[in-house]
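Same chain, two partners: subunit A is paired with subunit B first, then with subunit C.
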Partner chain A sequence: MGGYVLTADNPITGALAEHGVAMGGYHIGIHRPSGSTGGSGVAAARPHGEGRMAVITRGFGGRRRDNTDLPPGQYRTDDFPVLSAGPTPRIGLDEWELAVVTETGGRSTWSWPEFTALPTDEATVDIHCVTRWSKFDTSWRGVSVDTLLADVETAAEYVVAHSYGGYTTNFPLEDLLDGQAWVAYEFDGEPLAPVHGGPARLLVPHLYFWKSAKWLRALELRLDDQPGFWETAGYHNYGDPWREQRHWAD
Partner chain B sequence: MARAAALGRLTWQPATVAAARVEAATARTLVLDVDGWTGHVPGQHVDVRLTAPDGYTAYRSYSISSAPVPGRLEVTVQAVADGEVSPYLVDVAEPGDQFEIRGPLGGWFVRRPDDPRPALLIGGGSGVAPLMSMVRAATNPSRLLYSVRSPSDALFTAELATTAAAADGRVAVTHVYTRVAPAGWPDPPRRLDTDALARVVWPRDADAVAFVCGPTGFVETAADLLVDIGHDPANIRTERFGPTGG
Partner chain C sequence: MTTTNVGADDTPWVDGNALAGPLGEIIGTDLTVAELTCASCRTTRPLAAMRVFDRAPGLVARCPGCQDVVMRVVRTSSHVLVDLRGSLVLSLPAPTA
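This part shows the complex of A and B:
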């Protein structure tokens, strides 16, 4: 990792060292031009769902596919479905800005030309939507959140992502660090379409995809956790697909 | 955001098919009996789990189309050509058959009975299903704009005609036919456009809330048009049905 300026008493530093072994659960192939680091397919024990009830559905056979790498309760699709809570915001690149705001009010911003001049990663990842579809081997280009936070001084433990249009979603900061999260602006080699979150969206593939906020506008570093849009509307605060954390009570 | 989102029981519960109604060539409503079901908020959905004899399971989410009542709910399902769950629900399930459901789910695309605002409900294809729950439970003025390919694809036709003709005038219903219009229909078949929306949109000072549900392209178009004609984006709620909903 490196590059972070963390205060000496920052409680996340201990947790960071565990990444790469603790992360497992999604397979990810990161192709960094610099060759600086790369994820590997970490096999993880996958917890079983809750105990099964004995309700067999007469006349249902099902169409089995290769469900390796599929979290519990998900099915595989080759489409790229769209989910959002409201209209798609249209943001001109000349007015677009990305900000990182710290708990003390410190603010770093990037215009579109500044943002796209940053080093990028290519990430090929599986994505898992809480509406039960999973899409394998999606291909993105974006700026690692590590890069955006490299010169940021913070004691924050949590992050709220803010989107154009008002959407929010929350994370423990450690979930966005160490090669786990990007601000992506290309999908399949093309500029990211507005309907999929363009100009730029967060990409956090190890959590349910509502956490990968579309139309990203700012990352707000916080000392306390603040549930976002879906997290206050009944969806799980953390959203790990491998533990099937869909709703509050999961 | 209301923290008091209506949350369903998150355990899987057996649902028994009580009746099935054909709604269109490839769409059917299943009436489900569920012990202990306490009702739902119009707009909510349920997760459905089917289990094959060898233990293989498949899951999908379906909107509830009925008005809230204890012990019973209805889902209206359009068969997806290469789907796994929807063809079973549309073509195979019979009264007495059982599968499992979990819910009701969803705290955003909902119209609460105590919400005094008038509503504009815009449905595309089978996306009309959760809006039908809102229509059936409506206690406040509602306008439904239903975009559908042809009269034979349209769901809930007879009931919507009766609802629209009701003396209280509570619910207004407008159809837009995109491929084939009924004989004598005043407009040629066309996609949803500004003209059609302008006929049903509430005045700006009405503080109306819009619910838009359908395939992605439809929802994108309808929501964009609403914003273009001045509807507050913050009062537009969307839900999308895609071919992967099968």
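This part shows the complex of A and C:
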């Protein structure tokens, strides 16, 4: 088990989750055990596409957060800084489309009404920017990547996320599965603002936040790894904040 | 000197003079007089005319005409990386004797 442990409100299932047993429940807490050194593993099995809403909240509700919850080299902010490598794309919801493209050219697409009709999760997670700020307990609503890939046949091991505006970022496919990643379209109960990636952005909180691509347009499933915008310009190919994987040599 | 601009798109950028410091630091010459040819629209402009998005993990210079990326500068703990794949030509005045 890596940098996160899943707990459930139920003390029995929660105890199982503490030992790394994947849960099928809908009330899942995510927290980092003290002393964890990181890793990529989060394993929360969840039925796909059942039209039910999963609620993911932090474990140990109400626990006071302190610097032991910060990955190395990070500081805490309560703001939500806006970082951007270019102009903010403005995408009308009537023209917005999300695509999943497989290595054989198979293509699944969702219009905005189709996408927002999918089952959603509420996720409360910590986010960690490679520019060293971290923000605790951010609240999102979005569609699990598991749901988007539920009916997709693929042998791919890697994913490139493509954004409106041309941004790209890459992942091992396993890092987007099992309840670790969402396509989020609400923040703090409001529609996601364009400067923060609206209409919809990727949310992959166990990796540095440059991996949570704003203005998501497509997920490209690939047999080979293809480094993205920052990954080709000196930033780490994987980007685990708990292992401080900021740059190529880290 | 650089100036900050906030366009209608809410994303602030500064002019290309912001590149002069980090590039001059490693190349050792004044690059504000350099000209870049955008690989996308093939327009040649002074470096200072590029739009630099600096509130990001690195400096991202974009062509003011077509908005494509012409240069990226990233500082790691040990290196400064300059990615010029978006530029066809970097033109500098020859040093005078």
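In this section, the second predicted complex is superposed on the first by the 185 of 250 C-alpha atoms of A that agree within 3 Å, B and C clash if a C-alpha of one lies under 4 Å from a C-alpha of the other, contacts with A are read in each partner's own complex, and residues count from 1 in each chain.
By definition in this document, a contact is a pair of C-beta atoms (placed from the backbone, for glycine too) under 8 Å apart; a residue touches a chain by one contact, two chains touch by 3 or more.
Worth saying up front: this structure is predicted, and the values here are computed from it rather than measured.
Novice: Of the partners subunit B and subunit C, which touch A:Thr232 in the superposed model: first, second, both, neither?
Specialist: A:Thr232 sits against subunit B and subunit C alike.
Novice: After the superposition on A, what does A:Gly86 contact: first (subunit B), second (subunit C), both or neither?
Specialist: Touch status of A:Gly86: both partners.
Novice: Kindly classify A:Phe171 by the partners it touches after superposition: subunit B alone (first), subunit C alone (second), both, or neither?
Specialist: A:Phe171 sits against neither subunit B nor subunit C.
Novice: Looking at A:Arg132 after the superposition, I want to know if it touches subunit B, subunit C, both of them or none. Which is it: first, second, both, neither?
Specialist: Touch status of A:Arg132: first partner only.
Novice: If you stack the two complexes on chain A, which partner ends up touching A:Trp140: first (subunit B), second (subunit C), both, or neither?
Specialist: Neither: A:Trp140 stays clear of subunit B and subunit C.
Novice: Which chain, subunit B or subunit C, ends up touching more residues of subunit A in the combined arrangement?
Specialist: Greater contact footprint in residues on subunit A: B.
Novice: So in the superposed three-chain picture, is A:Trp182 touching just subunit B, just subunit C, both, or none of them (first/second/both/neither)?
Specialist: Once the two structures are laid over each other on A, A:Trp182 reaches no partner at all.
Novice: Touching A:His247 in the superposition: subunit B (first), subunit C (second), both, neither?
Specialist: The answer is both, since A:His247 touches subunit B and subunit C.
Novice: With the two complexes superposed on chain A, say which partner A:Trp210 touches: subunit B (first), subunit C (second), both, or neither.
Specialist: Once the two structures are laid over each other on A, A:Trp210 reaches subunit C alone.
Novice: Check subunit A for residues that touch subunit B in one structure and subunit C in the other, and list them.
Specialist: Common interface on subunit A, subunit B vs subunit C: 81-88, 131, 166, 195, 230, 232-234, 247-250.
Novice: For subunit A, which residues count as touching subunit B in their complex?
Specialist: 50, 52-53, 55-64, 73-75, 77, 79, 81-89, 131-133, 165-166, 195, 229-230, 232-234, 247-250
Novice: Sort out for me which residues of subunit B touch subunit A in the complex.
Specialist: 1-3, 5-7, 10-12, 14, 47, 50-53, 55-61, 84, 88, 92-94, 97-100, 105-109, 216, 219-220, 223-224, 226-227, 233-234, 236-238, 240, 242-244
Novice: In the complex formed with subunit A, which residues of subunit C make contact?
Specialist: Subunit C residues touching subunit A: 7, 9-11, 53, 55-58, 60, 62, 67-69, 72, 74, 76-79, 81, 83.
Novice: Any idea which subunit A residues touch subunit C in the complex?
Specialist: 81-88, 90, 130-131, 166, 194-195, 210, 230, 232-235, 246-250
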